[in-house]
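I have placed the structure first, in the form of structure tokens, so that the comments after it can refer back to it.
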């Protein structure tokens, strides 16, 4: 039994024991610690697998048909490690965060470790049956967690419904795709599928890929299958949002890479162009929605769609380059995508935990009602600031490195693939750039409006700092963010092992192999810090008066400004909303009421802006109405008579038997 | 565009040659500014006659900017306040606040007769007083309204150029 | 091959500017520039082939497209007396610029087989001509003023001419002459038409023509 | 780290810091002369800075460290760019940072710091400026990156040293359509990023038309000096980048005193000429409405995309 197997066994064992403990007596401290330990064991297992210690395990008796088969290769190891890392931070955080009546409920407490164990097992599955079982377990456990706070209002239940329906439709899609695949292979183990994938006809392979893309893509929150994400992520408790947004969505990417790249062995260029296009669409649309959003957690959820879109741009580019036969570039693009997965997991955990902290302290996620949290919640503010820097693709942030690699891959890919690449690459670069720019605006809004300035409501001015374990959970995520931002070379070998090719080398400086390009985030940061120190020193030496006089804000002399005069998140996003009017199509509503005495004197102006998801409205509404119509029609068949229902069963059995008899 | 270019060429320089540096003592604290004075204009209750003249003092003909004076948008950026008009009751507190918002060292220039001694508005019920009664004044520019040359001369006392 | 490509670049840039600017007088001036760029293009080809016939064509293009046609357009504009701006195109300017970006990529994609037919420096530039045609068509579709639609039509013609010269380098004097006469005729007819329209309806906002159907 | 790189890394920041206020002074002077005024002389911005440093520091009530550190970060990002970008010598002091993306992102970081400071004051004007600045930044980014793409495709690298050297060795490339289109796109972007007319008016007094100025309304004294110095430095850095990406001639390729001197002179002349042209052009255009700016940027985006297409298809 090698290290990775030990780690996996420990993770599963600790997780299940924790769940059992929760069944016996629910104590948040124990559950949180158990979840964190599960995560730690998973990190260990994943790291061991990345270092080359893969293992395989087959337990034929556990599941019917082909049994449970587990194996951990570097690709799976990376995702296991990322999931484990997120679980460590959220587990510690949950110790005090989950200490509320709603979250102390036994079912919710059990679901947390089960969710983590299921997520750890998905990338380790080595046959289709295991994968699907773990996938479904993950979906169910997360569903329980999403609706944990259902007493808060009907919107939680609605979010849960959306999530349940979409995740199961996605499951169906994956199921169909993999079943078609398995039908062309001797059994359902990945080894057999890998062998069969080489000889699959293009049509069948295409069907399998598209079905897998739809299923896994919906889990990753890819447009147009993203509708559940901005609903479920804000309504779930924050530590669960972190687990879902930073760990679970990654598994959609994992599934796509596993099926498309590994099992099907590449495939046609159009597959990857499709992935690239969907990725670009998701990235731009996701961040555009986030830029307009004034709900802190919804904004973070929409930014998850954006980041998964960026990852898919990388995956799509990698597949495209591989189909052109340029494997170094493919490795570079896939490395960028996987590095972004890791970075996104780190900063999204941090951001969701910090948002949870704000929710815990103020009871509000509405940016328009927050603000002024800096003096009362300094640690949370610093944590969110760090996360926002990491998410906005600016140096020295975490996402900057991966987006730099992604752009390098896209730029060097231009000459690689003829006209297709010549058209796809500039568009992809433009999409990445627009995404990066909008992400900067979004996170400046989230941080600047939500945390700086002055409080816009009583709840915000009476906020308090979170308890220690919550801060510690954020601290873990923050440290990982900083390390990833400053020393990406440290994790690069692992990512490249998972990507299956070496394209970037270097210790402090990242150097692209076989393409010119180098970047050193550490040197850049050191340079920046040095420059700040130099400038501060020179200013200190030069200025005549060092003491700062405290003065009132410049209010044009007209008396103190109230918090209502501040810019809010809605007003901050207004210019962008106007610019992208044609894309987002907001519903605006301005009500002007006049004084009764005179039509010329305005008494009040009311401005409302709703930002309905346009894709949702255009795509889902018709489907839903068709389904409703079908349901209405179906009512005829269900008059309530038990005999009739039993009769349906009887007819069905007879029908199947007759069909068998005829076709035989 | 071409016509504008031709007009520029035809017009040439319209700024008048600078008159000699005015005699007289410079206000205390003007020396430290070293030839650069940012000015925030405050209308404390003026009839807008002085404003027109200030506009023309910074126009092409008199070109107040060539002596290092510049109008700015915020009192935080300013070194001097250019106050016009009598100080009305409504503007007394805002004027004090504006003065407070200027970082030290700071100067106040009272432009026009109203600002100096309430002018024709002296004793009116809405008047809180002259500028001197509200904030300390360093330079006074007489006239109703003062000629642009006088305003430029007053500003040159501050810039020393 | 730089001069040829520079001429192509100018062709492209002027097409984009027609899309970008709102003032009709500027649009006409830009169109004249494009005519000159086209003439340079033909001139470069003529220098390469060393053919007197092509030189004559280049001179013809210059006179017609940089001189006569802009003159006619300007006269139509001066006679218009109405709004001198394309105030509200059907598709707003930013969106039409982005659409032009897409059209460019499309043009490059579709004209690649044409280029591969006979790869040479001249045929490499075919996509530019196709782009100009597409942008011209786009202008024709989305602009409200009859005059800017006319410019769109002429843009298309410029593009077609450019493609013609770049593919064969030998459209021949006669063909070019025929095409030019056609265009001239079309412009004159349209001018008469717009004048009539204005006299009858008091404006050339083509959307209002819809009422004629009823 | 070569000797030439070190020389560049030392001389460049000194030159940029010392020269950029003079550049602003020169541009104001050009503008004044075209308007028929006499102007305050090219040295006026330096006089302004000297005076601001002697003034009092002010901490507006309710502002946090973000407000106090933003000017430092703003200057520091620009300073790092001034050190690493090959302005006077083809080699960079910190080669792994002299990447076009990194440089662009660093400059964006400075803008973000200032926007956060604007929001931190909690005044309506600060928020307004920050919101507008971020909108423009978000829209500029695609153009900027696609233009960079067009420039780097022919070299096969986004390293600035590599791009500059390649142009130096193959001057004919400068007048290719790809390069010209990218240049036009970059000029529009630079105008937007540095807040010049027609995107923003640096000398406006009307709060409602402000973009950059609105964010800094609360700064006074030395803090304001830093902000003003930084915006002057950003302008010279952008103009220097433009000059060296398209016309790198005169830049030092070896570490001899004469070569470095020529490099310095060439940079001063190029940036001065560009600045003068920019100032002159500003006299002829009016400021655009904020919601017309996207049109301008969409146009420049189209040009950048055409540049990429041209660099691939018209080889």
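First chain written, first letter: the chains are A, B, C and D, and each begins at residue 1.
In this section, a residue touches a chain if its C-beta (ideal position, glycine included) is under 8 Å from a C-beta of that chain, and two chains touch if they have at least 3 such contacts.
Quantities reported herein were computed from a predicted structural model and do not represent experimental measurements.
Ranked by distance of CA centroids from chain C, the top chain is B.
A count of C-beta contacts for the chain pairs C-D and A-B puts C-D on top.
Distance between chain centres (mean CA atoms), chain A to chain D: 35 Å. One finds 59 Å separating the Cα centroids of chain A and chain B. Taking the mean of the C-alpha atoms as each chain's centre, chain B and chain C sit 56 Å apart. The set of chain D residues touching two or more other chains comprises 54-58, 217-218, 221, 294, 301, 305, 309, 313. Multi-chain contact residues of chain A (touching two or more other chains) are listed as 422, 426, 545, 549, 551-552, 554-555.
Contact of a single residue of chain B with at least two other chains is seen at positions 74, 76, 103-104. Interface note: chains touch in the pairs A-B, A-C, A-D, B-D, C-D.
Listed in rising order, the residues of chain D touching chain C in the complex are 172, 175-177, 180-181, 184, 294-295, 297-299, 301-303, 305-306, 309-310, 313-315. Those residues of chain D whose C-beta lies close enough to touch chain B in the complex are 32-41, 44, 47-48, 50-51, 54-58, 204-207, 210, 213, 217-221, 224, 283-284.
Chain A makes touch with chain D in their complex at residues 291, 371-372, 374-375, 392-395, 400, 404, 407-408, 410-412, 414-415, 422, 425-426, 429-430, 432-434, 436-438, 440-441, 444-445, 447-449, 452-454, 509-510, 515-520, 523-524, 527-528, 531-532, 534-536, 539, 542-555, 561, 563, 565-567, 571-576, 578-579.
The touching residues of chain A, counted against chain C in their complex, run 419, 422-423, 426-427, 582.
Contact residues of chain C toward chain A in the complex are 92, 95, 105, 108-109, 112.
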